[in-house]
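Shared chain: chain A. Partners: chain B in the first complex, chain C in the second.
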Partner chain A sequence: MLLLLLALGIIVISGCGALTVCTRPRLSSCIGAGGTVLGCAVGMIPALEVLLQGTIQSLRCAWSMPCGSFFIELDPLSAFFLLPVFLLSALAAVYGGQYLMKYKDTKRLGVAWFFYTLLVASMAMVCLARNAVLFLIAWEIMALASFFLVAFENEKAEVRRASWIYMVATHLGTACLLPMFLIFGAHAGSLDFDRFAHSLPQPLASICFILALIGFGTKAGIIPFHVWLPEAHPAAPSHVSALMSGIMIKTGIYGIVRMLAFLGMPALWWGWLVLAIGIISGVLGVLFALAQHDLKGLLAYHSVENIGIIMMGLGVGLIGWSAGVPSVAILGMAGGLLHVVNHAMFKGLLFLGAGSVFQAAHTREIDHLGGLIKKMPYTGACFLIGAVAISGLPPLNGFLSEFLIYLGSLRGAISMGADVAVPLIGAVAGLALIGGLAAACFTKAFGIVFLGEPRSQAAANAHESRPLMVAPMLLLAAGCLVAGFLGMYIVPAMSEVVSGILGFDAGHELKIAGGYLGSVTIASIALLLVVACLTLLRRFLLSGKEVGSGATWDCGYAAPSSRMQYSASSFAQPITDLFKMVLRTEKRLQLSEQYFPAAGAFKTHTLDAGFEKIYRPLFEGAKCLFARCAVLQHGSMHLYVLYIVITLLGLLVWLVR
Partner chain B sequence: MGSVLETTMMLLILSDMALLGLSRLRTCIAVASFQGMLLGVFTLLAHEQALTPRIFLIAAVSFILKGFVFPQLLRRSIREASAQNEMDPYVGYSMSVMAGMAMFGAALWLGEQLPLTLAAGMHLVIPAALTTVLTGLFLIIARKNALSQCLGFIILENGIYAIGIVSVVEISVLVEIGILLDAAVAVVVMGVAIFHINRQFDHLDTDQLDSLKG
Partner chain C sequence: MQTEAYMNLFLGLAFAPLLGGIINRIKAAFAGRTGQPLLQQYYDMYKNIRKGAVYSRTTSWLFRAGPIVGLASVLIALALVPVNGSTAPLAFTGDLILFAYALGLMRFFTVLAALDTGSSFEGMGASREVFFSALAEPALLLGLATVARRAGTLSLSELLAATSVTSPELVLVLAALGIVFLCENARIPFDDPNTHLELTMIHEVMVLDHSGPDFAFIQYGAALKVWVLGSVIVGLILPVAGGKFLLLNSAALLGCMFMLAVIVGIIESTMARLRLLRVPQLLVAAGALSLFAFILSMR
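Let's look at the complex of A and B:
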């Protein structure tokens, strides 16, 4: 425990150190990034220890905060979330050290590093806190630190807009957490988490569940509370997007899981609700991702999709739990939780890759890129690995977690009655649809960005990023690959985490699932061997022969131009047309009316349906309502003082009456 | 002894009324200065039986700060802004004195209601102090000139100080110094603000500041 506090101390102190030397960009980056890496490495030790041994370490100190106590605890569930926090934060810090150098003349990097370290430390504290007051403080520091990081390039209007949307969304989420903790606290008689467990009677438990779902779900980005994600992720610097998308939104999942453990036996409809939210978030997330033109916007919608997959896992687990089928509960929970770590790795990797592309080509517009794999081979290869992983294809890590969810759903669907089987079959179908669409989307993203010919001068002039930016991506890519092969060891190792939530032993079931994954690994190794053989065969056949190279997308034309290639929207058009009911893409087509072809224009634009249909009217209405209160705020200082005096006197008279 | 304390309190209330009824800023500052010195003396009188170095210190600091330093700062502001009179206040001077009487009545009632245990001869302290607080607030609300508002703030602080003195044994010295420092900073800040308002707008009427609102 002391080691963990030491780690957090190192991280925060290095951030303060970076702040004090903020006039010297290189030094503050070194201090900020170096301290984060060191702190994360130290923090990893107790997290791994607890995760492998299944022990619990705790520390409780008195604290002068009303209702608060400084109570932190490291149990397997916390350690399971801390692991990606420390891993990805360290790698993103190394990457960020190089990435931010571009801004060294225009921005104070020390400030950015200060908030970065605060974000890392507060995320770790959210996972550790065992008192509601401490938890909420860490939660708010996390929200504020990430707000300032999103607003890094605050001279741009769209960045300011995005950061405000994020700010409003996160506080609306917290507004649901406060009453939830108050209900818990009122019944348990204390705001310490160890008194919360199984303390609530049924109707209150359901209310708390809904509040947790909205409050934590807003941070996680489930539909319909996802609107801030596609705004904030593209606006933030890439290493921050990686951190936010990779881990910060997972603290929402952590909150939901932690509360589920407190609430005890779930009602059946909780599972249905979580599963339905998961399917909707997954499918809509990937569909909107398909329609995006901005590379980081696309990745942001994929975060919504992956949160959907995680929620589906939790939903399957809840259904199994309440229906009394331990195997379904264990597999669903394990799948959802494992996807948290997997998503942290490959989404972190993809955002870092997108950042490299942005720095090399100065644009995130997919249709202005192309052919980058020749200029940036390492970034391209890493992005490809991330893309395969996020599509849930073996032998990469994304497959492991989806496999567990499939396994759990199928087992429940076969053995249970209709009320349980039908939603589980829905989960299988939804997961399959999501997987297919995600593969299509990343074929688009990777194909248009990295293959073909450059579509703009900037893309043609791109070059590979500096080694400090490439190294973290290579490590994450290697992690995705290795984790994919080690499924049979990773899944059984999660038994303590899952048992801690469900309250019954999960070891046996996960060992069986690990056995299945063992055969998958063997098949994957066979696949790799075949690919290797084919490569060797190709090299053998080509050896001693002259190999020519020509333009990609030649198509037999005499003078091929890069504009003849597929564009991102034309590639996705068959699918987006199929789902135009949901997407409501605006298309604007200008064609000349004459017989002979002349210049034309075509533009597609997909607005977020949730934002346009729900939130914009809602906030416009609120604005109208509050505009009426402007009568009170007329700018006269005398009357402001008068308001205060009247209030104070009123309170005084009420007190002594 | 009780009669001396009562006289001090009567003087405090009378100085409040004077502040409400006077229009010349220079005279108002003189009254405020008198009030400050009065409070310094009152500190010693209230703790006549148990005079400690701490009480002496508090009395001396408040006597010097309220009696000389603040008024001097305000006089300098007047010189720089060349403002002599409060022009056209929201509430007229005779109406202000009437309001002051009403506030005194309210303070008497409130003083009875407040659950405070006071030594003998102190029964007038709380009403007088509350009247001073209310007078300060009234000056801030009802006067347009930024200097009068600054003055109102000092009077408000005087009232809080007077309440603090009767319970000075319970209140730690840190709180006392905190309040005094607060007032000192406020006066300096107001002075700077007055200077800038005057330079920017050529007047000190705070009611016209709402034209700044977007």
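Let's look at the complex of A and C:
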């Protein structure tokens, strides 16, 4: 535990150090990034220790806050979330050190590093806190630090807009957490978490469940509380987007899972609800991702999709739990939790890759890119690995977690009665649809950005990023690849985490599932062997033969230009058209009205339906209401004196009553 | 090593290209032609293997990786499907998920290789391919889940052994899987493998730029994909004759696969291609059939 506090101390102090030398950008970057890496490395040790041995370390001391003590604890569930926090934070810090150099003359990098370290430390603290007040303090520091990081380029209007939307959304979420903790505290008599467990009777438990779902779900980005995500993630610097999308939104999942462990035996409809939210978030997230033109916007919507997959896992787990089918409960929970770590790795990787593309080509517009794999071979290869992993395809890590969720749902669907089988078969169908659409989305993202010919001069002049930006991506890509082959070790190692939530032993079931994943590994190795053999075979077949090169075949047309290529919008058009009911893509077509053809223009734009249909009217309404109240505020001093007099008179009357 | 387990692998590797020949002969018979030799696909592949290759200057290493990863993935899928009554070499509980996703991996790399050429025709084919397959995926998995519910197992090998057409839901599943089979293999009514216009193709247009051994790999991979999905459908229909009758089962599988090829030939001769706008409707209908079958199986 001391090691962990030391780690957090190193991280925060390095942030303060970077702040004090903020006039010297290179030095402050070195201090900030170096301190983060060191702190994360130190913090990893106790996290791994707890995860592997299943022990619990805790620290409890008195403090001046009411109701409870300063109480932090490291149990397997916390350690499971801390691991990606430290891993991705360290790698993103190395990347950020180089990435931020572009801004060294215009920005005070020390400030950015201060908030970055604060974000890392607060995320770790959220996972550790075992007292509601402490938890909320860490939660708020996390929200504020990330707000300032999103607002890094605050001279741009859209960045300011994005950061305010984020600010409002996150506090609306926190507004639900406060009453939830109060209900817990009122019943337990203390705000310490160890008194919360199984303390609530129905229907208070259900109320708390809903509050947790909204409050933590807003942070996680479930639909319909996702609106801040596609705004904030593209606006932030790329290493911050990687951190926010990879880890920060997962603290919402952590919160939900932690509360579920407190609430104990769930009602059946909880599982239905979580599963439904998961399916809706997953399908709508990937559909909106398909309609995006901005590479980081696309990735942001994919975070919504992946949170959906995680929620589906949790939903399957809850259904299995409440229906008394341990294997379904264990597989669903394990799949959802494993997807948390997997998503942290490949989404972190993809955001870092998108950042490299942005710095190399100065645009995030997918339709202005192309052919980058020749200019940026390492970034391209890493992005490809991330793309295959996020589509859930073997042999990479994304497949493992989806496999577990599939297995859990199918297991329940083929053996249980209708009340359990129906939602679970819905999960299977949803996951299959999401998988297919995600493959469509990432063939688009990778294919249009990295393959073909450059679609703009900027893309043609792109060059590979500096080694310090490439190295973290290579490490993450290697992680995705290696983890894909180690399923049979990873999944059984999660038994303490899952047992801790469900309250019964998950070890046996996960060992069996690990056995299945061992078969997957054999298939994956076979796949690689066959690929190697076929490569050798082709080399043998082509040896001594003529291998020529020419122009791409375009039906006899020999002078194709890069503008004739299929674009991202045209690639996604059949799908976006089929789902136009939900996407409501705006299309604008301008054609010349003369007899002879002249230049025309075609534009598509997909606004977020949730934002436009729910939040905008809501906030416009609130604005109108508050505007009415503005009549009270005239700015005239006499009126204000009158208000004071009226108030005093009123109080007097109330007193003498 | 058991021959039994590897039987379907051998049969597929040996006879898959023959199915295309049968389909073409049936179509020729309907049109009153003699048609190409039954072994035409073998000749084509042999010819391509002996040739050199031409690569577009636009392409990168991904274009060369596409055919290889595609063929390797479909081989993995093939290693998951047994001859009825035996256990496939890579069989395990939950292998039907890997089966669907191995085919997904094949598609992913074929599509990327197509996009790598920078040709708008190939981009168009790629776009349609991912669109249709995204809709076909739920139908496939729901169908398999229905059969799994009846058989009470999640392993393809046990699942194929435990079923034969005895109930209405299996008929529905067969219809759904038949639609998926035609769509995934780019047959009429989804795609016309013999069309002469790049604009109207889906699968064939994606591989326009491949040549030599690469193209042979693609042809072989496509033939194997027909075999893989076909042998799942046939496995669902065929009753099992116990592990001892391996030869009988294999012969039955082979015969049924040829029958399937004949049926596909008849469909291709008597039907026109659907308009592209109608294709999603048919695929959603396949998904609905699978779902309905699942609901029936909960009786």
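Just so it is clear, the second predicted complex is superposed on the first by the 609 of 657 C-alpha atoms of A that agree within 3 Å, B and C clash if a C-alpha of one lies under 4 Å from a C-alpha of the other, contacts with A are read in each partner's own complex, and residues count from 1 in each chain.
Throughout what follows, a residue touches a chain if its C-beta (ideal position, glycine included) is under 8 Å from a C-beta of that chain, and two chains touch if they have at least 3 such contacts.
Every value quoted in this text rests on a predicted model; they were computed, and no experiment measured them.
A.B. asks: For A:180, decide between first (touching chain B), second (touching chain C), both and neither.
C.D. replies: Once the two structures are laid over each other on A, A:180 reaches no partner at all.
A.B. asks: By the touch definition at the top of the document, which applies to A:538: first (chain B), second (chain C), both, or neither?
C.D. replies: So A:538 only meets chain C here.
A.B. asks: May I ask you to decide whether A:494 touches chain B, chain C, both, or neither, giving the answer as first, second, both or neither?
C.D. replies: Neither chain B nor chain C is touched by A:494.
A.B. asks: When the two structures are overlaid on chain A, which partner does A:657 contact: first (chain B), second (chain C), both, or neither?
C.D. replies: A:657 contacts chain B only, not chain C.
A.B. asks: Output check: A:399 vs chain B and chain C. Expected answer is one of first, second, both, neither. What do you get?
C.D. replies: Touch status of A:399: second partner only.
A.B. asks: Of chain B and chain C, which one touches more of chain A's residues?
C.D. replies: More residues of chain A are touched by C.
A.B. asks: Answer with first, second, both or neither: which of chain B and chain C does A:642 touch in the superposed model?
C.D. replies: The first partner, chain B, only.
A.B. asks: With both complexes overlaid on chain A, does A:428 touch chain B (first), chain C (second), both or neither?
C.D. replies: In the superposition, A:428 contacts chain C only.
A.B. asks: Report for A:240: first if it touches chain B alone, second if chain C alone, otherwise both or neither.
C.D. replies: Once the two structures are laid over each other on A, A:240 reaches no partner at all.
A.B. asks: Considering the complex alone, what residue numbers of chain C touch chain A?
C.D. replies: 49, 51-62, 64, 68-69, 71-73, 75-76, 79-80, 90-95, 97-98, 100-102, 104-105, 107-108, 111-112, 115-124, 126-128, 130-131, 133-138, 140-142, 145, 148-149, 152-154, 198, 208-209, 212-214, 217, 276, 280, 287, 291, 294, 298
A.B. asks: Can you check the complex and tell me which residues of chain A touch chain C?
C.D. replies: Interface residues on chain A, with respect to chain C: 370-371, 373-374, 380, 384, 388, 391-394, 399, 402-403, 406-407, 410-411, 413-415, 417-418, 421-422, 425, 428-429, 432-433, 435-437, 439-440, 442-444, 446-448, 451-453, 515-516, 519-520, 522-523, 526-527, 530-531, 534-535, 537-538, 541-542, 545-555, 560, 562, 564-566, 570-575, 578.
A.B. asks: For the complex, which residues does chain B have touching chain A?
C.D. replies: 90, 110, 113-115, 137, 140-142, 144, 149, 206-207, 209-213
A.B. asks: Would you tell me which residues of chain A are touching chain B in their complex?
C.D. replies: On the chain A side, the touching residues are 634-639, 641-642, 645, 652-653, 656-657.
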